[in-house]
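Both of the next two complexes hold chain A, though its partner changes from chain B to chain C.
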Partner chain A sequence: MIKIKHEQLPALIDFLSEKYQVYAPVQYGKETAFKKISSASEINKSKYNTSLNPKEIFFPQSEVMFTYDKEGIKTPLPKDKPIAVWGLKTCDTKSIRILDEVFSNAYQMPEKEMYKDPYWIARYKNCLLFSSACNEPLSTCFCNWFDSGPFDKTGSDVYVIDTGNEYIMEGISDSGKAFLENYKAVEQVTPEDQTKIDELKKKAKSYMQPPVELAGLKDKLQDIWDDPIWDEVSAKCINCGACAYICPTCHCFDVSDEGKEDKGKRVRLWDCCMFQLFTKEASGHNPRELSRNRVRQRVMHKYNYFVENYHEFLCTGCGRCVQVCPVNLDIRRVIQKILDYDKAK
Partner chain B sequence: MCNTYIPISMKIERIINEDPDKTLRTYDLSFVNKEDEIKFKYMPGQFCEFSILGKGESPFGIASSPTEEGIIKFTISRTGSVTQEIHYLQEGDIVGIRGPLGNWYPDEKLRGNDTVIIGGGFAFTTLRSMIVYMLDHRDEYGKITVIYGARSPEFFIFKDELKEWEAREDITLHLTIDKPYPGWDKLIGFVPAVTKEVGLDPSAYVLVCGPPIMIKYTLPVLSEIGFEDSKIFTSLERRMKCGIGKCGRCGIGSKYICIDGPVFSLQELKKIPESF
Partner chain C sequence: MKELQNKVKQLLNDKEIDLVIGWSKGSLPLVSTPVFITEAEQSDQLIFDHTCRNNLATYLTKDRKRLGKEYNKIGIVVKGCDARSIVLYVTENQVKRDKVVIIGVPCQGIFESRKIIDATGGREVLEQKIDGDQVILKGRGFEIKVSRDKVLRDCCLSCRYPDAPEYDYFIGEHRGEIDVKDEFKLVDDFEKKSSAERWQFITEEYSKCIRCYACRNVCPSCYCNYCFVDNNDPQWVGKTPEVTDNIIFHLIRNLHLAGRCVDCGACVSACPVNIDLRPLNKKVEKEMKERFGYTAGLDINEKPAMASHRENEKQDFIMG
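Now for the complex of A and B:
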């Protein structure tokens, strides 16, 4: 482990910028979001998670898949420098790693090239993720439900702890270690720093409610798929889709053409299973006509279907959906309700 | 790197109107580039995204057989906005396809065994692919029995081929229509009822493809006759976009129709919520 002073961050960002396009949290209108920066002065140093999720760095909300004209099809695959992201919280780092499983692989046929997503891979390849410990989790945070916590290093290339005036950094992956070895302007960590880390860790933990045991959740969901409980769970949902758009792991998208026969583009855009049109077929038939079935789909996908295929939850407990839901449909309460539910009664 | 989102250029060689309403048309496509043709290896039951630049794309089962070299065939019903645009196309026009996508009928299991093929309406496309493929390797399969139902005689697709098959000794064809029609001397009745009556041997494999309502009422009949769930296969459809298990649209339970299907055994389907 090494450390740099807060004042040395600009130098670190400049150094990073030589080899990478650097993304970091910035103020973005009323929101905070991960955007490309050219200097450290643009960084929003809030101790809380960004209001918008970081998936857009690698999977933009709208993306041109190809353009076409009389000459043929052109694919604008990004060919810039690799991406480095500063200021991710541990939950967001984990969400990027989960999405990489989806886009870089296919769960049953990882060897098959045709199932890989070249747009994601072009951005994700050789990326360097600086993952920050979370000193002050919010009341909406529940990362500790997912074998994780505010000081989880999993998925980091470089793990960062902000002690208030210094950034303590630890190389976790090979690329993270290599980066720190090349970066000379650092000091070594002292035993006092370790004490500070332990205190911060303890304090962060005190902000969080004790975790809920999710071991039985997947099977429980399987069990109640056809149960009337979904009417109750979904009753107040207005299918606005805010939860899915704000979610760092939701990755459904739509593909749509813009232009005419001789010139135009095919784009993909984030989409959402909360919308009625998502599954509506040309014939008029809609397998998920009812709101309850769409709410069930979202919950099942995150905590059952995805687990079946990828052996982890499609949720990192970042709590953004809890913050934005206009009818206060708290996913934590939904999970708790399902776990407590006794079908027989 | 391979980019499955980019359509392969195809030329429309021939358009065939399959029904008097002209809502069903078969498109024979040829490859514009030879190297695309060499790479395009498929099996009966697989599908493609049919793409018109500027208009969008929709998934369709491949109706041609891999043994019909140089031609990829789709039969397309005019239903939504993309199929409407496809119906405006002319012979000689260039379109795109993405694929082949998905899995296929269990050919390796069918070899050496008897097969019953049950189809309804214009969902006969991938079944036609399978039948042609089997007839082209006739010695490798056991008895082939086909039950095919349509609203009325004009609504069968591939009528010329049906005639040829009827004349052959090595395939049994049961054609049925919903209600009596002047001049029709073959079976009358819905597919489930006909399936019950024609005396099927439950040791065979069954491939069923048709409108959901037909599948729904045919499957119990098959079970009643004694076919095992593991030997009954059907092909499912859902709204689809990417075709490679990313966009999340065609999910049924933990499966995606585009990569885990479209072909599923009844044994698999019984474990998947939302499949019917």
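Now for the complex of A and C:
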């Protein structure tokens, strides 16, 4: 482990910028979001996670898949420098790694069956993720439900702890270790620093509510798929897409053709299972016409279907959906309700 | 609060209603959550305070089934703006007056979370309490007192009708019509800007839109079975969240709300990216008032603005 002083961050960002396009949390209107930066002065140093999610760095809300004209088809894959992201929280880092399983298919499938998404890979390849320990989790945070916590290092390339005046950094992956070895302007960590880290860790942990045991959740969901409980769960949902669009792991998309016969483009856009249109078929039939079925789909995808396919939840407990839901349909309460539910009664 | 709970308990026990839509305590200190109650003993969950931001009328049209059933008679707890939405529904033949039991509550204004965040300097509020005309906000390592007017929504600060204009029962004291002097100050200021400044405001604000449609879906007046943005054959609006298409979505929604917006602020509170939606909403409201003498949702016997004509209406926009 090594450390740099807060004042040395601009130099670190400049050094990173030589080889990488650097993304970091910035003020974006009244919100905070991950945007490309050219200097450290643009960084928003809020202790909390950003209001908008980091998935848009690698999986933008709209992506041109190809353009066409009379000359033919062009596929404009991004060919910039690799991406480095500063200021991710542990939940954010984990969500990017989960999405990589979807788009690059790290999940163990036979090679020829793997789908490798060229657009995701073009941005994700050789990326360097600086993952920060979370000193002050919000009351909406529930990362500790998912075998994680505010000081989880999993998924980091470089793990960063902000002690108030210094950043302590630890290389976790090979690329993270290599980066720190190349970065000379650093000091070694002292035993006092270790004490500081332990204190911060203890404090962050004390801010969080005790985790809810999710071991039985997947099977429970399987069991209640056709249960009237979904009418109750979904009653207040107004079926907007705020939760899904603010979520760092939701990744459903739509493909839309924009243009005319002789010139145009095909665009990939975020879509959301809360919308009626999401499953509406050309015949006019809609298998998820009812709100209850759409709400069920979102819960099932995150805590059952995805677990079945990828052996982990499609949720990192970042709490963004809890913050933005216009009707306070708190996913934590939904999960708790399902776990407490006794079908027989 | 107790009075409201008892009233609802009685209405459910007497079978005067078979469902009540109200607010209950939310999972976060600054927000409440809509609740649907069918059993008298659940009435204790009902609350009414500064956190009741949702316009509950919206649930009367969005999906007529709640909890998997249709109801014969629905009770609904309302602020002034929610009641005006119900009046609008009756005038637009969306809800039959005798199918709803309207329970008015005296509204003192609703919190604007964004203003509270600003008041605490971005720190998280874990507890709030009203103390006279002050609000006490507590979080980790801080406790501050702010004047209530500083953290109420803009629409509440310029609200003329805090009481339900139409109700079956009213719980608590009426506040009466409030003599707001500068109801349209926001619009007046906006109109004074140059066209370049106005355009800059519109492009800046609407470029942030992520097209989650939370504004449309919480809006009581947006109840089209099929919204124009969802139409894909032909596709009227591009699905890409580019500023031009975002503006088309918001402007058409604005115009579609002419004479129908009650300025309940639900869209403003719902927006996850805090777009300043109100100037254009209020502009259309002002036009309707000045040109047609029409304010939405006040008179249950009035014909909707877009379905009526008065001889003395200004027609200069047609005649030039």
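Miscellaneous remarks
Methods note: the second predicted complex is superposed on the first by the 338 of 345 C-alpha atoms of A that agree within 3 Å, B and C clash if a C-alpha of one lies under 4 Å from a C-alpha of the other, contacts with A are read in each partner's own complex, and residues count from 1 in each chain.
The rule is simple: a contact is a pair of C-beta atoms (placed from the backbone, for glycine too) under 8 Å apart; a residue touches a chain by one contact, two chains touch by 3 or more.
Predicted model, so just to flag it, every value in this text is computed and none were measured.
After superposition on chain A, the partners chain B and chain C are accommodated together without colliding. Looking at the shared chain after the overlay, A:Leu52 reaches chain C, while chain B stays out of its contact range. Applying the stated contact rule after C-alpha superposition, one finds that A:Ile121 touches chain B and leaves chain C untouched.
By the touch criterion stated above, A:Val324 is placed in contact with chain C alone, chain B being left untouched.
In the superposed pair of complexes, A:Leu16 makes contact with neither chain B nor chain C.
When the two structures are aligned on the shared chain, A:Glu136 is found in touch with chain C, with no touch to chain B.
Annotation: apex chain A, arms to chain B and chain C, angle 90° (C-alpha centres, rounded to a multiple of 10).
In the superposition on chain A, contact is made by A:Ile238 with chain C only, not with chain B. Shared-chain residue A:Leu88: touches no atom of chain B or chain C.
By the touch criterion stated above, A:Ser256 is placed in contact with chain B and with chain C alike.
Figure legend note: chain B and chain C, brought together by superposition on chain A, show a least Cα distance of 6 Å.
Chain A uses residues 254, 256 to touch chain B in one structure and chain C in the other. The touching residues of chain B, counted against chain A in their complex, run 1-7, 52-58, 79-83, 212, 237-239, 241-242, 244-249, 251-254, 259-260, 273-274. Against chain B, the residues of chain A that register as touching in their complex are 65-66, 68, 73, 75, 77, 102-103, 106-109, 113-119, 121, 225-226, 251-257, 259-262, 264, 266, 268, 271, 273, 278-283, 285, 287, 297, 300-301, 304-306, 308-309. Those residues of chain C that touch chain A in the complex are listed here as 26-28, 31-36, 54, 58-59, 62-63, 65-68, 114, 122, 124, 126, 140, 204, 208, 210-214, 216-218, 230, 232, 235, 238-242, 266, 269-270, 272-274. Chain A meets chain C in the complex at residues 28-31, 46, 48, 51-52, 61-62, 136, 138-140, 207, 228, 231-232, 235-236, 238-242, 244-246, 254, 256, 258, 267, 269, 272, 275-277, 290-292, 322-324, 326-330, 332-333.
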